[in-house]
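The next part holds the structures, each set out as structure tokens.
Below, subunit A partners subunit B and then partners subunit C, in two separate complexes.
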Partner chain A sequence: MRRPRIVDVVVTVGFVLALCSAGAIQTFIELCRGQRLQALDIFRQKPSAANVRAYEKNLEDFSWVSQKLRHRMQYLQYVMLNDAGEKALPGLDGWMFYKPGVEYLVAGGRAITKAKVGPDPLAAIAEFQDELALRGIRLLVVPVPNKESVYPEKLTSRAANLHGIRSGQTSDLLDRLSLAGVETVDLFAEFAQAKQRQTNPADGPLYLVQDSHWSPSGVAVAARAVVSRLLNRGWIGLGSVSYDTKLAPVQRIGDVLRMLQVPEIEQTASPESISCLQVIHPDSGMPYRDDPESEILVIGDSFLRIYETDEPESAGLIAHLAKELKRPLTSLVSDGGASTLVRQELYRRPALLKNKRVVIWEFVERDIEFGAEGWQIIPLPPVPSGTVEKSSGENGP
Partner chain B sequence: MKKQGGIIWALIVLSLAILCISCRGKSGCSAISGEDPHMTTKGTIEVTARLVEIPEGAIFKRELYDYATILKYQVFKVHRGQIQGDTIFVGHYNPFKPRSEAPDRRVKEIGGNLRVFEAGQIHRMALQVPIEDCFMGGIVNKYFGQDTGPIYWAVWTNLAKE
Partner chain C sequence: MVFSSYIFLFYFLPLVLLIYYALPWLIRSLGKSEDILSRSRNGFLLVMSYVFYGWWNPWFILLMLLVTTVNYLCGKMMAAPGASPRRRFVGVTLAVAISLGTLGFFKYFMFFQTNLNQMLSWVGVEGLPVLQIILPMGISFYTFHALSYSIDVFRRQAPPVRSFADFACYISLYPQLVAGPIIRYNTVADQLVQRTHTWDKFASGVSLFILGLSKKVLLANPIGGIADAAFNAHSLQASDAWFGVTAYAFQIYFDFSGYSDMAVGLGRMIGFEFMKNFDSPYLADGITDFWRRWHISLSTFLRDYLYIPLGGNRKGPRRTYLNLTIVMLLGGLWHGANWTFIAWGAYHGLLLAFERYLGKESIYHRLPRPGRIGITFVLILFSWVLFRSPTLGDAGHYLGGMLGLVGGDGHPVLVAAQLYGRGQWILMALGAGILLSPFRAHDWSRTVTWPKALALVPALVLAVMAMCSQAFNPFLYFQF
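Moving on to the complex of A and B:
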């Protein structure tokens, strides 16, 4: 039986309209707004691969249709298929994971091969340590496990019996750091032990359910482990400030949910209730504050920022390190930039190294491969005038 | 055959018409100086300069974190204040966003009419210096290690012409 011609026409016209509508609407809107027609930008620059990629990206990012429809489609995809898109991976019991972190974990040998093509973290870390040593400053490296390395059982039920996983690439780097004489704190082992010790469900997990970062419990475990290592090595002694703590509950929508940029998902999600312990000064009761004259500098990424400069403030790793050490610290934080950007920032702020005996360098595990700007070798800033460099022998016990 | 030729000519004429209309746009090829009340009152330095290049990987949409990115400019004219040399390096906050959408809770006092950064564009900018005094956060600097001199902080950025 012959299909009516009208069906062919409707299907064809509908298909063509669907194909052309986004471009036509964008052109109409740009003309109405008196803006330059973005579609014609392709003729305004050299047709290089980079320019064409940038052109396509700009078309996509600034498309009115895309901005209006994308989040609705993503919401449908999330509700109907449990697919959270490029950046997030829904786990079990409402847990959300940052997809690049999961990819880092499962890439295994492929990731190691790829990493060898780019700058090697070991070279950057060893060079940094050597330069610090010339000034009599010790380096303690603190890689923070990805959430999925500590809670693989929340990612898939097939990992139900695992207390933690370490990717091949992370193990490889930790081994090589050890061989190179770089002092590291093994938070993978610390967190695995802490999980096994946790018998009371009220203690809460070491990482947040909706967020890629650690919980206040995770902060406490990390702070104790770092301070224990510093004291055991005799690099620094306890100070004299007996900081107090006070309860500081906060409500937080996780960063993994926020990065989806789908308002419908954020609106339906309940914020996570987090019981933070804010570190306060014993005399004034004021929240902990850094001291630029401290003998200890802490550098790192958003794992230092969370609870510290985010609400409730002074309740993150920096404040809790200060509490355990009974002395204030100096800190420098670069969100997502612990591999290279934070050391570039240190180069621009030489005063931060004044009076230092120890540098604690925190970075999240996935940055071994995905660190912003890779792992560049960055020199230390010139010694500020009037400062005498110490030899490594002056480090003391 | 004749009909097809007509359609092709119609498409060519239509494309040229759109190209002409697009070049009359506010932020495109129109003769603008980039001057506005924000430009002349914000920052301590005001220049018109050409964006020399956008290094590979310097500008892309970042999902979670906010960075400033350093871009290289060739300065044509200094309207206000003083600069060192003709080539300056300027930090723009979250340059993947149109300048009007760039200010946020953390960095409030920035803006301008520039939508997209493209190499070769002429920008009129109100600047502060040094960047360390204005912005405490991640800075993507593809020129790190080169002699950049003091790095400027872009407060207001408008598209302009030489």
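Moving on to the complex of A and C:
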């Protein structure tokens, strides 16, 4: 028999050792930590397809080797290929975009990698409006443009001459909402005008550079547009609380950067300096707080949460709506869940509708296609005892 | 289980290799013969292959077992001493009918029902509810493996298998089970009984496996993102559409040839030698040449088990053209129950028939070789649009984009952000460089040298790192 060549032996043994290393290291770590051996979990459950999938996923997700390698590779890809992974898309001048938002805009309703979310948003919105109307409550719908809809020129140099894009799918929904008699605020037009008006670079863009959300300037534009619509329609009048504002600068690593889950990138990135205007009570100087007895309920997603419950607090859309309306509001926020989850939460908390005359429903544009749990029809919660329902015509236009 | 997954690479494969190579010690320590060793190794591979296959859905194993049993019994019927020609014919007919019947039901019944309902709706008749059938992974491949056995035994081109375990091992052998190469029984019959295990064979298997893994996770997966962006776009500029379909051409080559390399490499690690499935297909200078280089195991299977039985080129030119078209149509349908695959097969069939009409030459055969390669590649790109698109309508939409017929409404410019980043250019350039180079992974890995071994180390490290950082990304050919 021919004597084996050393290189063949080295390659063979080296390869087998490399294959064995991950399992051996994981076993060693688990034994040292006194944990149960995860690899043996397969023998602890019925071998169904679902169990096997879950086992495989856990094995990889909790693997020490996999965890160590994963973010190093992502960092390498980011540095060498400018590839920001599954969720982020680097734009120009340091701008980062949330990839599903770009996909929503580019695909324009065609089936894309993620499963489509199901029922038509119009049906859910119209049903919600009808049910609210039965209680004498008005609905104002506020779709928030994706960042890339407002700043396409920051995504690619090809869009240098475009100052705003509206997805065909978004336009279609807005048109159909209008035909169905649903009142909407067109923030696309408002933001386009605001961009054109911005001549001073110090004003800053309407969206954050590293984040998928709007900036304080964007919040201010949206708040003014919503309040203007409410007042014009006569649905609600100005209150009597003259809120004040104070400058509240914050430093923030954008959510798109954090989505990469690569510590090296977060550590090297400079936080974005954001000049927020915190809404404060004129007498006490205390930050704005919601009032459950308010006549206005605001529901929505993280576009309501940013600056409001995040740093610096009371500087988000809710507080600025309150300031413009001179009255406190009630709010309900569900991160990423404005399509269905927030209404499910509302169903569980009927007291939130107490005394309400107006509901403002904010959702981000991409949720038209990707909203978590789709656009289910969710009934309103039962009327709390002791509350009298108003007829639909009581607050007619 | 996917070759490019954490569980396969770090748990399944080392477990299989360690036990497989520990078996001789065990057998010798029990004082058993060498014949027992071969049988026990095949038995062990059979068990592990069933685990590998059952990982998708344990119930699928039963179907594979059914196809295996039917073909085994039919093989016994045909190979029985003194079996009459009639008995042999009945045996092969049963094997073919049951195997293709099973494939037809699981792969094409829904397609048939959907189209029947569509036709009924044209005449105002309400259709029947469509039976929802899950397509078992790899059914097209293992059905062909089983058929090749029955037909080879019928033709007396291969001896009947010595045991059911050996036969079940051949059908289910995990390296080539779910996406080929399509291994014909007569090419591995001897290896099932006796095969050599040497350090150099194992090392060459390792090197081919690493190259295949690298093709898949370092090239096919990221380039696939470019293709996805283009094919998912609502509207495209012509340049974007061409760039996108070129990316898909790269993706499907690196994905499928990567899988084949890994399969052949894994086979070598356990002593098997499987056929080469790709031979620089994008350097083909005509469609006939392309099919000598692309998915060779399928094209030779179709040639030997379909084209030649249909009469091949023995019944005159017209019949030859018809046979070519029929074979490619069925080859298209084999890929999936969708009109897009049928159109893809028809397109290739017509091109092949036309080249046959010209004497196995392309119409552009007088051009210099780079020109011939370029035109062939463009013809292939059109076919990939059919292959990649979910419906014929989508294919038409995309082809319209390539020809500049799909209007832009502002959004096409955003596709650029997904297509033309620094990383995308680097990957496409790297892909093009490899495709145009004389590099052949199959041949390169035959003998491992120190420089090659040193080159494999970073390839493996990078591939494993990329694998750990990527989402689940099965091979494109798993769907077939």
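One rule holds in what follows: the second predicted complex is superposed on the first by the 330 of 397 C-alpha atoms of A that agree within 3 Å, B and C clash if a C-alpha of one lies under 4 Å from a C-alpha of the other, contacts with A are read in each partner's own complex, and residues count from 1 in each chain.
Heads up, the rule we're going with is that a contact is a pair of C-beta atoms (placed from the backbone, for glycine too) under 8 Å apart; a residue touches a chain by one contact, two chains touch by 3 or more.
This structure is a prediction, so every number in the text was calculated from the model and none was measured.
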item: Which superposed partner A:I29 touches (first subunit B, second subunit C, both, neither); value: neither
item: Touching partner for A:L238 - first (subunit B), second (subunit C), both, neither; value: neither
item: Touched partner set for A:M80, first subunit B, second subunit C, both or neither; value: second
item: First (subunit B), second (subunit C), both or neither touched by A:R72; value: second
item: First, second, both or neither for A:N58, with subunit B first and subunit C second; value: first
item: First, second, both or neither for A:A18, with subunit B first and subunit C second; value: second
item: First, second, both or neither for A:T156, with subunit B first and subunit C second; value: second
item: Subunit A residues touched by each partner, larger count belonging to subunit B or subunit C; value: C
item: Contacts of A:V383 with subunit B and subunit C, given as first, second, both or neither; value: neither
item: Residues of subunit B that touch subunit A when the two form their complex; value: 18-19, 21-29, 56, 60-67, 96, 115-116, 118-120, 132, 137-141, 144
item: Subunit A to subunit C touching residues, read off their complex; value: 2, 4-5, 7-12, 15-16, 18-23, 39, 47-49, 52, 56, 59-60, 63, 65-66, 69-74, 76-77, 80-83, 85-86, 89-91, 97, 102-103, 105-113, 148, 152, 155-156, 158-159, 162, 165, 167-168
item: List of subunit A residues in touch with subunit B within their complex; value: 27, 30-31, 33-38, 40-41, 43-45, 50, 57-58, 61-62, 87, 255, 258-259, 302, 334-337, 341, 344-345, 347-349, 372-373, 376, 378
item: Subunit C - residues contacting subunit A, complex; value: 5-7, 9-11, 13-14, 17-18, 54-58, 198-200, 202-203, 206-207, 210, 222, 228-229, 232-235, 390, 409-411, 413-418, 420-423, 426-427, 448-450, 453, 456, 460, 462, 464-466, 468-469, 471
